[in-house]
Amino acid sequence: MRRAIYPARVRTKVAILATGVAVAGVLIGLYVTLLATGPAPYTPPAAQAAEGRSVNLTLQTVAAVGKLAPNENWVSYLVREHGTWHRSTVWTLPANTLVHVTIYNFDGKSGLRNPFLGQARGLVGGRFAINGKPTAVIDPDDASHTFAIPGLGVIVPVMGVADDAPHQCDDAPCPMETAHETITFTFRTGKAGHYRWQCFVPCAAGFVYGFGGPMQTVGYMDGYVDVV
Amino acid sequence: MTEFAHPATDYGVVEEEPPALLERNLLIGSRLWASSLVFFFFAFLFAYFYLRSLNQHGLFQPKGVSPPQAWGAVVAVCLAASAVLLSWGAVDQRSERRGLWRLKGVGALALALVAVVAQVVAWSTLGFGPTDGGYASVYLGWTGLYTIFVVGSLYWLETCLALSFRYRDEPFGRAEVEPGDASGDDYREAPDIRNAVHLNTAELAALTFTWTTMAVIGVVTWVVLYLA
Amino acid sequence: MWSRRGHGWRIAALTTIGTAIVLPLVVFVLGPNMPPGKGTPVATSQVTDNTVLLVVMTPFTVFILVYLGYALTAFRAKPGEEGLDGAPLRGHFRSQVAWLASTTAAVLFLAIFGTTELLADNGAGGGAGPNPVTKPGGAPLPVQVIGQQWEFTYRYPTYGGVETATLVLPVGRKIAFHVTSLDAIHSFWAYELGVKADANPGVDNIAYVETKKISTFHVRCAELCGLWHGYMSDTGHVVSDADFASWIAARKRQFAPVMKYLPKYSSSYNPDPTFRAG
Amino acid sequence: MRRRRLVEFNLLTGVVLGIVGFYVGWWLGHLVKAPSLDYFDDTGQNDIALFVAYFTGVVGFLVGLGFANYPVQRMLGKPPSLREKETEGIGRYFGLCTDHKVVGIQYLIGIGAFIFIGGLNAMLIRFELLRPTHLAWNGNNYLTLVGLHGTMMMGMMTSGILGPFANYFVPLMIGARRMAFPRIEALTFWLLMAAGTILMTALAFGGFPTGWTGYAPLSVQANMGMDAYIAFFALVGLSMTLLGLNMLATVITMRAPGLAWGRLPIFVWGTVSTSVLMLLAAPVLISTLFMLALDRTAQTGFFNDQAGGSPYLYENLFWIFGHPEVYILALPGMGIVLELLPVFSRKPLWGYRLAVTGLLGITLLSFLVWQHHLFVSGINADLRPFYMLSTELISLPTGFIFVCALGTLWAGRIRLTVPMLFALAWVFNFLIGGLSGVFLSDVPSDVTTHGSFFSMAHFHYTIMGGLVFAFFGAVYYWLPKMTGFELDERLGKLHFWVMFLAFNSTFGPLLVIGFLGMPRRVVTYAGYLQGANEWVSVSAFVLGASMLVFVANLVWSQVFARVPAGANPWGSKSIEFQLPSPVPVHDFDRIPTFGPDPYPYGGIEEAGFDGTRPAVSPARPTP
């Protein structure tokens, strides 16, 4: 009835309605995109070694991530891809494969809350190397970070740089000339799955118990390991 | 039943509200608000006794954390005196001695301001900081929120005084003001507030109750934080 | 039109028949399958508890559903009655008293029953705080559960305070879980054991259980504790005494290097940083 | 018509000033310097600045809406006499309006929008749970979604019925033309809108990981998004306190002649009991959040175990508020259902006094049960029998509500209209909600069910199955009265059946999944639960789709079809249905007087209000 009397008004209503639905659709689309956004996954290159197929994962940890991330003051892991360092904590690794990990740590000592986590577990050979020296456990007060994939039973403490060491790194990514510790180890990825990895050292400066901010944000001290 | 496309009003037939309504609303409202106030500070009372009974790691009140007794007493006494003065002033207003009420009202305002200033001084001369245990936390939180509420109540007292001063020459029961939406309703005249003096009396009765409650809470604060 | 008394009798009859049908199903079919299974005496008594709750609820539930169904069939407005009202009934003293009496009886029974179960089972597997009201006899094996962001680790104070990343328990032993946390609030939930106890920093929250058979159980964190809360899960094992002895010996060897760094066993820990890390 | 100004006090000005205020506060907050605040440099996040920014932003928003005019005039001693705003047309919905009917409709739309966002978040959560491992959302974002869903729903639905329907209809039902404090009434609404917006800004500050409970110390560690949670809940708490105060004052002082307490419609009783809880419980929340904010900014140690505080303190204080809060969500639903059943059973409310006793009994008991949320936490374990008893005692007054609902159906002439269907669904859903609650109240059983999907499904049965179903019952019942246009009955029935079936198909299995050992708020779960979780997710999507049916109904019937509803489409004898639809601006020409019976169905001639003084003058002029 009204349509006959007020066709123009109905057209207006339809137009307003369509605009509203379109705007809502766009907003919801943006919202969902925002939520799904995370660090881009990184696939380390395959390598050939004596024991068969393996991959090399090269990481560095920096005290402040600087221009590489939105939160410049936060501590973070970086990966090396084609010789350049960038920030990604989502890694894709092949299943049942050896992973050779090299971590260059440029960050100072923070100390573990639970000293138990200062002993390495789940590694091939049971030990890791600090600057080439095989080690099973470090003093919990010397720990700077840990590299841990609890789902795979892997945990490795990362030795911190002494406070009085010369040439402390200022800006990320840190050049190799600055003071650092090199941690190397090998672990075997198990069956395919989606795992998390994290740091267990309360290294988030300024947060209560050192466990906020970068320690609770994927992309800094937390990430995913996709074993495929 | 008749249908109306556009709700409209024939103000000729609209009945007025009973004149005593505003006064009743204010009185009931102030009593309800007072009960709310009690629960605001119940949370802090609970926190105080709960943390004191737990005394985690003996850190509730470490040695050397003691409140500034002198300033605390000044705050409590000023608040109590202010409440007494205001109640006395409300009696004057009801007995048509509006000049006396204004005098006492200004006195109550001044005393409360002294209390606020004393509290600020107490904060700035504290021998302890927010990190010094459970007592320090409760002390700062409780006095902080309480001072915010005192300042808010002072605003109300100030509006009462301002109204009284503006209409100081109007004889009791006359002082006609423009009819409007005092009760928040645009659509009818509000006979209860046409008279500024009447409004003043009603608000004062309500404020006295709230202010007394605030003072009682203030004294309880003093007893718990300083004497207990 | 049926008489109102007739309605009452029919609802009563349907409720009785319904209860008579449902109750055996609840007791014999549903009840034994209630969680968390019969892994331990505590879990078994939780199953019993759940069954008793179901039994008490059944008559009320059947009554309400029968009543709803009946009312919607019998008391629907028939065609032609649209303009008519129902009977102006404003209450019925005796049925109100009957309802009040039956619900009160049920509630008091449940409260008394729950309290007895709680005390008889030494906290029924729930965290009972640092000083439980009732304790099991004998000397339960203490196992400390340490929650941290985001992993549970376990300490065995009677085995030199060795700390492990997995939970293994000997069979046929009373266990006292001492649950604590190093940071946020976690909750130690060993589902098949029927144990749940919050892990609070600075608190020794004790839960008792007795292992009954060799089995595997799931451990999950049941209190939102931050980013990886959803990943904070674990599998535990109840093993024979011999297996337990060899397992704990192996752990002592494996974790010998870190032992010297572990703090002395304590009911709770106070690690740095206590405020904001700097 | 008054002169238009260049700058009006309305929503647009409010938003502009709100944004300006936010940035001014952000700048001011960064000026705060103290030696104890050095950690800002490390964290790169200045919580003080954000709190100040939220505060100034809200102040700017309220000033722009026109809320400052009155207080400033009063400071200058001017009596309240200035007319500040437009009184006609659509514009009054976009600003400070003190007409309780406008506020009711504002609430309906505003809260509806935020609840839509909350529901969307629920859909996204269920999408993630289609797979037992990580599927779609970044880890932090998943937890933020959980928190945003819970917090938004808990915050907004507290006023979900009191906001729209009590503001609109309580004054009508008690024969008043307004609320006791109409400016406060408007303020409660706009505070909620500011709060909802602030909560969504959490996304810009890294989200928050704590769910709606905000347990410390996790909430002290959390990113700046936590500040949005704190600001949101504090504003909601303030809004709740003021709403409760206003409602109580209105019902106490403004009842029309003849309307004794024993003659109030039961919905008003539901409102009164809810308001008592709001007035007394919400302040505890605000104080608790104040402590939390101090812990996050000034580094006090209220909830820091290693600094002389205790996380237990937060848990206790939060649930001292939190348990009354869940009854704030349940009681209005009970009021609505008991209000609807008489109308569509064509009978008086059965056991009126018992129902009132039930509502007041729940109100009282809800303050005495809070530690049942903490049965396994180790807090005061020796008090558990007491809390078990007091919790189970709540089923007595709740049982009163049930028996009154059932008794009202007895020998009625039931009409299965859409509102009636929703009211009956409430009885069914709340029955399951109540029964599942018994498991949680019993300590041995709670050991398994606490913190699991069982408890989550339980409170969705009581809040969504209870409150939201009652809410929709109220919408279908009262919206024709509020707008003057009918809602489509066929679409309404479609909405009801899809929603009812999908709801039970979603949360029924969740009870089982919880029993099988799945904790709340997790992103991964055991593989054998995948089938059940997929079923639940699909049901949840259907449940979400049923809301779109409702929106379609709303748009179609209110915007396009626009079939006039008539004054009394349901043949209700409540007073608001004796007024024209929509209700005239001034409500009544004359204040009505009331007779003894609020539900005069079944052959008694006297109306709910005294017919000798009709509320609407028979000789009203037609414009």
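Annotations
Each chain carries a letter (A, B, C and D) given by its place in the written order, and its residues are counted from 1.
Criterion: a residue touches a chain if its C-beta (ideal position, glycine included) is under 8 Å from a C-beta of that chain, and two chains touch if they have at least 3 such contacts.
None of the values given here were measured: they were computed from a predicted structure.
A count of contacting C-beta pairs for A-C and for B-D identifies B-D as the more extensively joined pair. Here the CA centre of chain A is 37 Å from the CA centre of chain C. If you average the CA atoms of chain B and of chain D, the two centres end up 28 Å from each other. Look at where the CA atoms of chain A average out and do the same for chain B: the two points lie 53 Å apart. One inter-chain figure worth recording: chain A and chain D are separated by 40 Å, centre to centre, where each centre is the mean of the chain's CA atoms. Across the assembly, chain C contributes 183-184, 202, 226-228, 231, 270, 274-276, 278 as residues in contact with two or more other chains. Residue numbers of chain A whose C-beta contacts span two or more other chains: 196, 204-209, 211, 216-218, 222.
Contact with two or more other chains is made by residues 39, 42, 139-140, 209, 217, 221, 299, 301, 304-307, 310, 312 of chain D. The touch graph of these protein chains has some other shape, matching none of line, ring, star or complete. Contacts between chains, counted with the stated touch criterion, involve the pairs A-C, A-D, B-C, B-D, C-D.
Residues of chain D touching chain C in their complex: 38-39, 42, 139-140, 142-143, 146, 209-211, 213, 215, 217-218, 221, 299, 301, 304-307, 310-312, 315, 345-354, 374-382, 384-385, 388-389, 392-393, 395-396, 399-400, 402-403, 406-407, 409-416, 424, 427-428, 431, 435, 438-439, 442-448, 450-452, 515-517, 519-524, 526, 571, 601-604.
By the touch criterion given at the top, residues 146, 148-151, 153, 163, 165, 182-184, 226-228, 231, 255, 257-258, 261-263, 271-278 of chain C touch chain A in their complex. Looking at the complex, you find that chain D touches chain A at residues 39-45, 120, 124, 133-134, 136-141, 145, 203, 206, 209, 217, 220-223, 304, 555, 559-560, 562.
Residues 110-111, 113-119, 121, 136-137, 139-140, 150-151, 153, 196, 198, 200, 202-211, 215-218, 222 of chain A touch chain C in their complex.
Within the complex, the chain D residues that touch chain B are 36, 71, 74-83, 85, 87, 98-99, 177-183, 185-186, 241, 244-245, 248-249, 252-254, 279-284, 286-288, 290-291, 294-295, 298-302, 305-310, 312-313, 316-317, 320, 564, 566-568, 578, 580-586, 588-591, 616-617, 620-623.
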